[in-house]
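Two complexes follow with chain A in common, the first pairing it with chain B and the second with chain C.
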Partner chain A sequence: MSLTHDARVPVRTASGVQRPALRGWPEIDNPAAWIVAIVLLIMPLIANGFFLIEIFATTLILGTIALSLMFLAGYGGMVSLMQLTVAGFAAYMVAVFGTSDNANISLGWPWWLAVPMALALATAFGSLGGALAVRTEGIYTIMITLAIGAAFYYFTNQNWAIFNGHTGINNVGTPRFWGVNWRADIPFYYIVLGVAALCYFAVEYISRAPFGLALQGVRDNPRRMAALGFNVNAHRVAAYAFASFVAALAGVLQVWNYRQISPGSVSVGACIDILIIAIVGGITRPIGPYIGALIFVLLRTFALDFLVKIGLDGNRFRLLIGLGFLAIVFWSSDGVIGLWQRWRERLSTPRSSGGRGHG
Partner chain B sequence: MDSVAHRLSAVGAGAALELRGVTRLFGALAALTDVTITVRPGERRAVLGSNGAGKTTLFNCITGDFPLSSGTIRFFGEDITHFPPYERIRRGLRRTYQISALFPGLTVQDNVYLACRGVSRGRFSLLRPGQNDALMHAAENLVQAVHLTNVRDQRVAELAHGQQRQLEIALALAGAPRFVLFDEPAAGLSPAERLELIEILTSLPAHIGYIIIEHDMDVALRVVESVTMMHNGRIFKEGLPQEIQSDPEVQELYLGGGHE
Partner chain C sequence: MLKGSVGLIALSSLLLSGAAMAQEKIKVGVTATLEGTYTVLGEDGIRGHQTALNVLGKKVGDKELEFIIASTDATPDSAVRAVRKLIEQDKVQILLSPLSGDEGIAVKNFAKTHPELTFINAASGAQETTFVDPAPNFFRYNMDGAQWQVGLGKYAYENKGYRKIATVGEDYSFIYTQVFGLVLEFCGMGGQVTNRQWVPLGTKDFASVIAALPDDVDAIYLGLGGADAVNFLNQYQQAGGKAHLMGGSIMIDQTILSSKGNAKNALIGTLAASGQADTWEDPGWQKFVKDYQDAFPPNKRFPSPSLLATNYYGSTMALILGLRAVNGDLSNNQEKFKAALAKLEIDAPNGKIKLDSNRQAIGTNFVTEVVDDGKGALFSKVVKVIPNVNQTLGYDPAVFAKIGLPSRSVPECKKY
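Here is the complex of A and B:
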């Protein structure tokens, strides 16, 4: 039998073993996923406005930014610290092209023009940064993307013509149409949930599509990928473009959420928070960043009360996050989802590690 | 130099691979010096030589992993000297690695699927392959051809060494290869696996030529029709297998001098 198979030659079908690459999508036989989906959908019936926006919408927005990092780091092996910067860039662009208090800066475009513009510019910005970063690997990628993030932070602080310096841009307009104020708690929650779900499923889906598989190949062995006919750098830049678009979507939601954007939202500390969220949750699967974001937001919101109660300064909530981060990287290099997975495997011991790919 | 290719093919018809004066320097060290090789389409050749003779460097120069310091490389008549590696691969050049270069986080099937995808269109496709995806079937057949069907859905990190070597070969045979560079495919294989390897190599379609680097003379000389001996980054001798084997200089240099 011949060893080579031209792709064009039709060939017989293989035996009926279930193939991971061809399994049904989305996976509809996972009861836990159904429960989570239903709880998220009926959340406005359960939670009050504070929980709905300050906890869950914020979690979903931060989770989506961290998801863009998970896509780059988990599938592409590229740890980008500029994902929050890309989101912040999109947020600024919504404020600049849309409406705000500052009539000197904001162009007053309607939201349906300002948002696509912001998404396009932020995607271009992130792809450009990516094009710089892909020439390096490992720690140097981190350094370059961190430098881009830091440069953007200081630039927004000092530029008054577009970014309005350290004051930032306040009272950014939010969409109202069909007689609905879409920034009201419940409509906004559903917008955020919809966008987050879209991004989550897009990442999940693409992880098994040729583009995503090739990205994982680039992560595992870039030199071999070139020796298989792939343009590795083009693939990496394309991954940055996709991740930037995801981050930009979250950035638009973020500026609608707070109705203002200022350098504090794109600080280096905030960039690193995104890394912490992704690592704590786990970067091997798209659900990880959302779990990490939930932990982060819960700690940020409630650690203050807890710390005051045990007699410490409430502003030290980062101490708890830091300790949690240390504990996670110490005991589980693949985050909370790694702990969860091992715990489940221990429950069903006889079924040892199968051929499970990522995603 | 009396080229084997000229003796094997009456007319100097279009060569598959043509190296002219290929030189590669690493600082002051000349890893390759003025290497000139011509290989016919379908020709199978062994490159022999001790460690440090420049064999793997030669492969890295042909695939474009290392840029040349001087010289030219033609592939089926086309000057590919300044092409990036992926452009050379898309033209039908393939290679395997001495130390398996696979994707440990992916399954066997996905590894081969990537190899098939790399040399066809849709590398950036965002759509998952469907039930009747031609490349998916091509990948399945290739997996079967190297006897890995029973571990098709396992992650490559979990495979035994011999299986990884077989997968290494499968990746190089995806799509429509015209010329393959095998870098010590028998490294670390058991005697039985070596026989299997010889069978795979000899059963390749006749139009696919290859160069094989192999320390094991028994393997090398059974699967090739010509031999190039390298020494210190230069071509030392070219000839038919039996000529090389019986050459006293070669025996002195290669078989006598610390052959592992």
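Here is the complex of A and C:
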């Protein structure tokens, strides 16, 4: 699995340590990052309800789930296919502890109790799954986590007491306080943006913090790290716990977004979608999953319309989606991020500027 | 590095101009299961929809109807996503959606968040959709799964002499509703349902299900549809199954009867009930069959329209007739249009349909038997026609409410 081993780690040099703390964030002196941030902030002014929620908020939610996979795969070398399952578990827990149309299932707790409960349970669930998976490597980790995802899908599909089977749970309550309906398009967009930004910077920060560096050490050479006195498995389980928390946050947003949750949302296909998003975007940097998610959402939403518009049979729209992903992975094994990076390197070689490894 | 951001801004301004376009037409969003287990059902539904447009035209007064189709995969989440896309991106004013049972429950709930729009159910048949907490802007011109089973239990008991049956069905709301209708009537006559097996939608391996089928029953009822039904039949035939079969409304349907291979021959003689019968002699039905056959080349359609084509035809017909009744007037949150729909009576191919106070169809049901036409094609032949079937199946509403909502174990096998 070479793709899990080439995350570019900006290891701080001795001189870097003395720089002010803020200099550690590569975004600070990158104008493109600032422009993206501003565009995201003023998005409600330029995009209407559909693009705001169905495209951009959905992108940020899926991107955050994929970010948790990127964190595990890129920094920990563990490809976990259960990140969507953890998110789905959190979503189900919000529906079960909060309010919904299924009064015999939902406990009717207010959102500020239901959400922390859901986050805690989902994090515990993810850590438990991680504890099972850390004893394996490479393809076996993929298989164990995929098995957890598949088992959870079939369980929700057939369990009527808690998960309400194939019908799922409808009309899940969304928060309203301070006189604001937080599920209305614009407030919801900002919640999603806030959570996504928080997760993004948390991952970025951890990748440089001692824990993140140790995790990358574990990824590159577990035996040596063990010899140095690090508890390898504990580091990995902790990484799963953190990634599960990130995924769980996104899961809560997802159930608020659609106001319903059913097994289709946690199917094996959807688990694989998260992997596709992460791979297409690139798992070397935290921005990758978000780019992958944007491409995924755009293709999923518009492939059918696009085919019909150019006069082809709309039924083949899945083919177009597949071809799009194939093309990206074919031209660049490390996703869109890799393409971008190579393009920039080609631009900068004549000027021979090798200062910043990160941009 | 600026280029990327400029591109993003250009993209967003593009989105803006798209949203600001004026609307002269009446836009209608249609969803169908064009993916997953029920793909063939969704495709034939769309054929029924197009047949209706061929017959009735796309004009209402001086306004043109524009239809936008979105795809789902029979899961409630995909239906809500598709409907949201149609409303928010394509700005449709009316929805013809959805196809499958659990989709219907989810879309009905979603309809409540858009009270200004009108939702016409395309084909879904779960009881809960219109029976529990119905949405005032959701109209269903097809009967539900239980109504589609009316007559089956009685016919099986009286004319076939079945006393004990077992059921195998897909584990979701529409099939629960179908089994509900069957059990209520069959057990009401004095019959016994000894075993109910449920398999997840999209099951491919039926070996354990087939092995667990009981031997000491007179017949086995199959509530499967689409790819699941074909998979079951193939494996049932390979396992040497020989029991008498009874079928649900999407099991004994052209989507299965015209599938490739000879596994479907196990269905010859199977007793079933549905909202239609392929060989009904009614002129309205015969005309619909001919319109359907003329609209598509033989290799791009079934020999005769499936239940889904009929439902989509009926709902499209209701949509167009309702719009004509108000001359395309959708002002004032479509109030006039909704009122017209509520009292609309349509001459659907499968009999007259009118709505009850929950905006649920009251219509005609058919008990059928599968026959071979001599050339290898299978059709459902009508053996009994039951007019005026309502949602409480002729029960007093108070008694009916006590039975409970259809689920794996409701109703109990007894006389209510």
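Heads up, the rule we're going with is that the second predicted complex is superposed on the first by the 316 of 359 C-alpha atoms of A that agree within 3 Å, B and C clash if a C-alpha of one lies under 4 Å from a C-alpha of the other, contacts with A are read in each partner's own complex, and residues count from 1 in each chain.
Methods note: a residue touches a chain if its C-beta (ideal position, glycine included) is under 8 Å from a C-beta of that chain, and two chains touch if they have at least 3 such contacts.
Owing to the predicted nature of the structure, the values given are computational and were not obtained by experimental measurement.
By the touch criterion defined above, A:T301 lies against chain C but remains apart from chain B after alignment on the C-alpha atoms of chain A.
In the superposition on chain A, A:F211 contacts chain B only, with no contact to chain C.
Touch criterion not met for A:L69: it reaches neither chain B nor chain C.
When both complexes are overlaid on chain A, the residue A:Y258 reaches chain C alone and has no touch with chain B. In the superposed model, A:V86 makes contact with neither chain B nor chain C. With both structures placed on the common chain, the touch criterion links A:G229 to chain B but leaves chain C unconnected. The residues of chain A shared by its contacts with chain B and with chain C come to none at all.
Residues 30-32, 35-36, 39, 43, 46-51, 53-54, 101, 154, 157-158, 160, 165-168, 170-171, 258-265, 267, 301, 304, 314-315, 317-318, 344, 359 of chain A are the ones touching chain C in the complex.
Taken together, the chain A residues at the contact with chain B in this complex read 1-15, 17-22, 25, 205-206, 208-211, 213-214, 216-217, 219-221, 223-232, 235, 238, 353-358.
Chain B contributes residues 63, 65, 84-86, 89-90, 94-95, 97, 101-107, 109-111, 113-120, 122-131, 134-138, 140-142, 144-146, 149, 152-155, 158, 171, 173-177, 200, 203-205, 208 to its touches with chain A in the complex.
Contact residues of chain C toward chain A in the complex are 1-2, 4-5, 8-9, 12-13, 15-16, 19, 34-35, 43, 69-71, 73, 75-78, 80-81, 84-85, 88-89, 102, 105-106, 109-110, 112-113, 133, 171-173, 198, 200-201, 407-408.
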